[in-house]
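The same chain A turns up in both complexes below, where it pairs with chain B and then with chain C.
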Partner chain A sequence: MNAIEISHLSKRYGSSVAVDDLSLQIPSGTVFGLLGPNGSGKTTTFKCMLGLMRSNAGSVEYAGQPLAPASFEDIAYVPERSVLYDWMTVAQHVEMNRRAFARFDPSLAEQLLTRFSIDPRKRVRALSKGMRTAVMVSLAFARNAKVLILDEPTSGLDPVNQRHVLGLIVNEAARGNTVLFSSHQIGQVERAADRIAVLERGRSILTGQVDDLKADRKIVEGVFLDGTTDITAVSTDPRVARVDRTERIVRLLVTSGADDMAQRMTAAGATGVRVLDLNLEDIFFYAVSPADATSDSASRSIAS
Partner chain B sequence: MPAVLTVDPGSGVPIYLQIIEQVKRSVALGVLQSGEQLPTVKQLALDLTINPNTVARAYRDLERDQVIETAPGRGSFVRQNGVEANVRAAATDVARGAVDGALREAKSLGLTRADVRATVDLALDRWFPEER
Partner chain C sequence: MTYVEWLRVGAALKRTAITLGILVAIAIAARIWVAYYGPVDALSYVSSVRHDPSSHVAVSTLPDGSQRTVIDNPAKQVHLEVTDRGHGDEIVRIVRSSGAQTPLVFGDADMHRSTHGGQTDVTIETNREVLNNSTLEFGIAGFIALIVGMILAGSFARENDGHLEIALTKPVSRTELSIRIMLVDIAGIVAAWVLGVLATYIVHALFLGFHFGVTVRDCQLAVAVILGAIAWYALLCCATASLKRNYGIILGTAWIAGQLIPVLAHIPRNAPPLLGFLRVVATPLSWIDPFTYARISVAMPSETEILRTYPYAVEIPVLVALTIAYALCAIVQWRRVEA
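Our next item is the complex of A and B:
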């Protein structure tokens, strides 16, 4: 069962396309990390999902149902920018949420605020950017929602408080709830998320389980001392997503079958063949950078 | 339970494989003994701040490999039956991974089967002198 299903979602601002035919399935109970460079459409996607912005095409369903007032209780959202009222105290925001949401737990909100060392008597005006994030996070996690949509929920927070937020996300997943969150801190996504999608120019260019991506995606590296060796037979294999070649070293990004590709590289005459693991940051980096932007000579003809 | 397990989420090795390897290693070393309880999925996820589904995946594979067993509602335990075989299998698993990596490296450096055999024989003499 998918907690969230986004189908063919599109959003244009004038002539620029922010979200481009985006489809994502987010299974119930998963922590889904949305990665992407600035301007790749993450925030616009969240806003369209929540009805805060009208999409041009496509649909979003929660547990098989379109967004409706009845489902607002089940969905908590932390926006990228503060939506708190400057002139109100933190305690007044807690009270406001208690009145607005039936399952909101004020004592849990206070516990969470204490954990972030926030004095509820303070006015929002007096809080730093990170503390405002912490207030919004505390209010969202006190909602007892089934689905949490968090747009940069650790921005501006110090490392200890970032870890608190990750702990809260892990705890929600352990309770069977679903979390969709975006972050530029790939290490956080790598910890908390079991699935990810990478957005670029409003499209999903890579999605899957983090551990499967790590198990499948490898760099196969080999040394060809004779720079004229023709490796086309190896480099054109469908499992090769990218070829980087310098004078004597060939590096293939393979999407599966690394051991087999290593053997084929050896058979093609390579020495010192190695299979290198990729962490999520590497995987992200390779997904969003074209080969010739990162290699000094990738465009050089293989057989030249 | 003190942190018997640690993971490096930033490594390129899948987290669930890191957990499996560590539990097997701990069983092989006797750090985890037969009948001993593992942290629950939720507890380990919270302790390490990692995804609970990832922990559950590791536990499922450990059950399949008969290293642990899970009693619904009570938790996961290192298996009692056939502990000897399990320990040996776990140790063999860990060793196989290391040997595999070493042989791959040797091959990629251009060594022949005979070269590698000589190297392995030397290492065996060094580490298992009593069984010569």
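Our next item is the complex of A and C:
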């Protein structure tokens, strides 16, 4: 059962496309990380999912149902920037949520605020950026929502509180709830997320379980002493997702069969061939950054 | 769902109460100053003579049930007759020497003064309409309600200005939420009117005594001024519902246009071309301008009411219609706002 199912979602601003035919399935009880460079459409996707923006096409369903006002009893959202009321106190925000949401737990909210060292009597305008984020996170987690959508939930927090938020996220999944979150801190996503999707220019360019992506994808690296060596047979293999070259070093990003590709590199004349594991940051980097001009030309040179 | 709006309304009413409290305090200070240094209020004078140990007081009941009190004070050379017909309906006659005594005041319309030889004869009728109606109080309170309405009117724009992610992720439809928000604000406008009435009654009591009355016309006026404030609030909501910033300019300046339009619409037809052009532009606008139907000038205790354009029977339904139309317009706009 998918907690969230996004089908062919598109959002345009005039001629520019923010979200382009995006489809994602987010199973219940998972922590799903949405990654992407700035302007890749993560926040727009969240807003379209929540009806805060009108999409040009596509649909979003929560537990098989389209979004309705009553759905917000089950969905908590933390935006990337503070949307709190500056003139209100933190305690008044707690009260606002208590009155609006049936399952909101004020005592849990107070516990979380205490954990973040926030005085509920303070007005929001007196809080730092990180503290405002902490307030929004505390309020969202005290909602006892089935789905949490968190846009940069650790933005501005110190490392200790970042880790605390990650703990809350993982704990929610352990309770059977679903968390969809974005972050620029890929290490955090790797630590918390079961699944990820990488967005670029509004499109999903990579999606899957974190462990699978890490297990399948490898870097095969070798040194070619002769830069004119023809490795076309290797670089055009369908398992090769990318070819990079720095000086005489050739790196192949392979999506499967790394050992076989290493043997083929060796056969093509490479020395010191080795297979490297990827972390999520590497996977993200290779997914969103094109091979630079030097590497491209080098690749073509090698290929030719 | 509307907790934030209640807080906003509460804050606006708190500021209103503080402002009115300051004005009442000033009025109390003025009343004390008048008591010591200014002309003597006639009814206070009567009370002081009545309780003077050297006064001789005789009370009798007249055939019509009225109670007559005759007070003579030879030391002060004063003769008083108070005919109390109940419910604050009194006729007070004060006869005293015309020497260098502190002048008495009570208001021009209800105090008749004549001098015969060395004596001044003052007659006061407290049952006159000016003392037994609340036209001025209700009108001034309407003005206060209008100001509070203008303060509250940016409720949608304030949500648009960085808080939509909170407002629009509540488990309630946008339509229902917007209606609830406006109802809270309208409750605040009515509460501001009540505060205004209380404050003006206090000032009234300070200077004119505890003689209050509410006529049918006062009730009509109250409905008209409250509806006028609500209609103006709805118009401003409509004008700002889709704005995310700079709405304060509209809230702060629209009333100038709102007041000018009905005036321009009354420019004579034979006016110079420029004024004639303004009249042509202003006339259709005046039809949808709440100030056309709820002029603050109706609050003035004037018998002529020269600035009133329409009878209440027209004003009140039109103001209700305008309120509904502007409120719907605001809701439709806010339903389409994106975060």
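Note that the second predicted complex is superposed on the first by the 292 of 304 C-alpha atoms of A that agree within 3 Å, B and C clash if a C-alpha of one lies under 4 Å from a C-alpha of the other, contacts with A are read in each partner's own complex, and residues count from 1 in each chain.
Note that contacts are C-beta pairs under 8 Å (C-beta built on N, C-alpha and C of every residue); 3 or more make two chains touch, one makes a residue touch a chain.
A quick note: this is a predicted structure, and the numbers were derived from the prediction, not measured.
> Sticking to the clash and touch definitions up top, decide whether chain B and chain C on chain A clash or fit.
fit
> Between the C-alpha centres of chain B and chain C, what angle is opened at the C-alpha centre of chain A, expressed to the nearest 10°?
The three centres form an angle at chain A of 140 degrees.
> When the two structures are laid over each other on chain A, which of chain B and chain C touches more residues of chain A?
The larger set of chain A residues in touch belongs to B.
> Now for A:A262: first (chain B), second (chain C), both, or neither, which partner does it touch?
first
> Looking at A:A173 after the superposition, I want to know if it touches chain B, chain C, both of them or none. Which is it: first, second, both, neither?
first
> First (chain B), second (chain C), both or neither: which does A:A241 touch?
A:A241 sits against neither chain B nor chain C.
> Please indicate which partner A:L108 is in contact with in the superposed arrangement: first for chain B, second for chain C, both, or neither.
Once the two structures are laid over each other on A, A:L108 reaches no partner at all.
> Touching A:A91, do we find chain B (first), chain C (second), both, or neither?
In the superposed model, A:A91 contacts neither chain B nor chain C.
> Using only CA atoms and the superposition described at the top, report the least gap between chain B and chain C in Å.
Value for chain B versus chain C, nearest C-alpha atoms: 27 Å.
> Both chain B and chain C contact which residues of chain A?
none
> Within the complex, which stretch of chain C touches chain A?
1, 3-4, 7, 162-166, 168-173, 176, 338-339
> Using the touch definition up top, name the residues of chain B that touch chain A in the complex.
So the residues of chain B touching chain A come out as 9-17, 41-42, 45-46, 49-54, 57, 104-105, 107-110.
> For chain A, which residues are in contact with chain C within the complex?
Residues 47, 50-54, 69-73, 75, 77, 79, 81, 83-85, 88, 92, 95-96, 99-102 of chain A touch chain C in their complex.
> Can you list the residues on chain A that touch chain B in the complex?
29-31, 163, 166-167, 170-171, 173-174, 187, 190-194, 210-212, 214-215, 218, 222, 262, 266, 270-282
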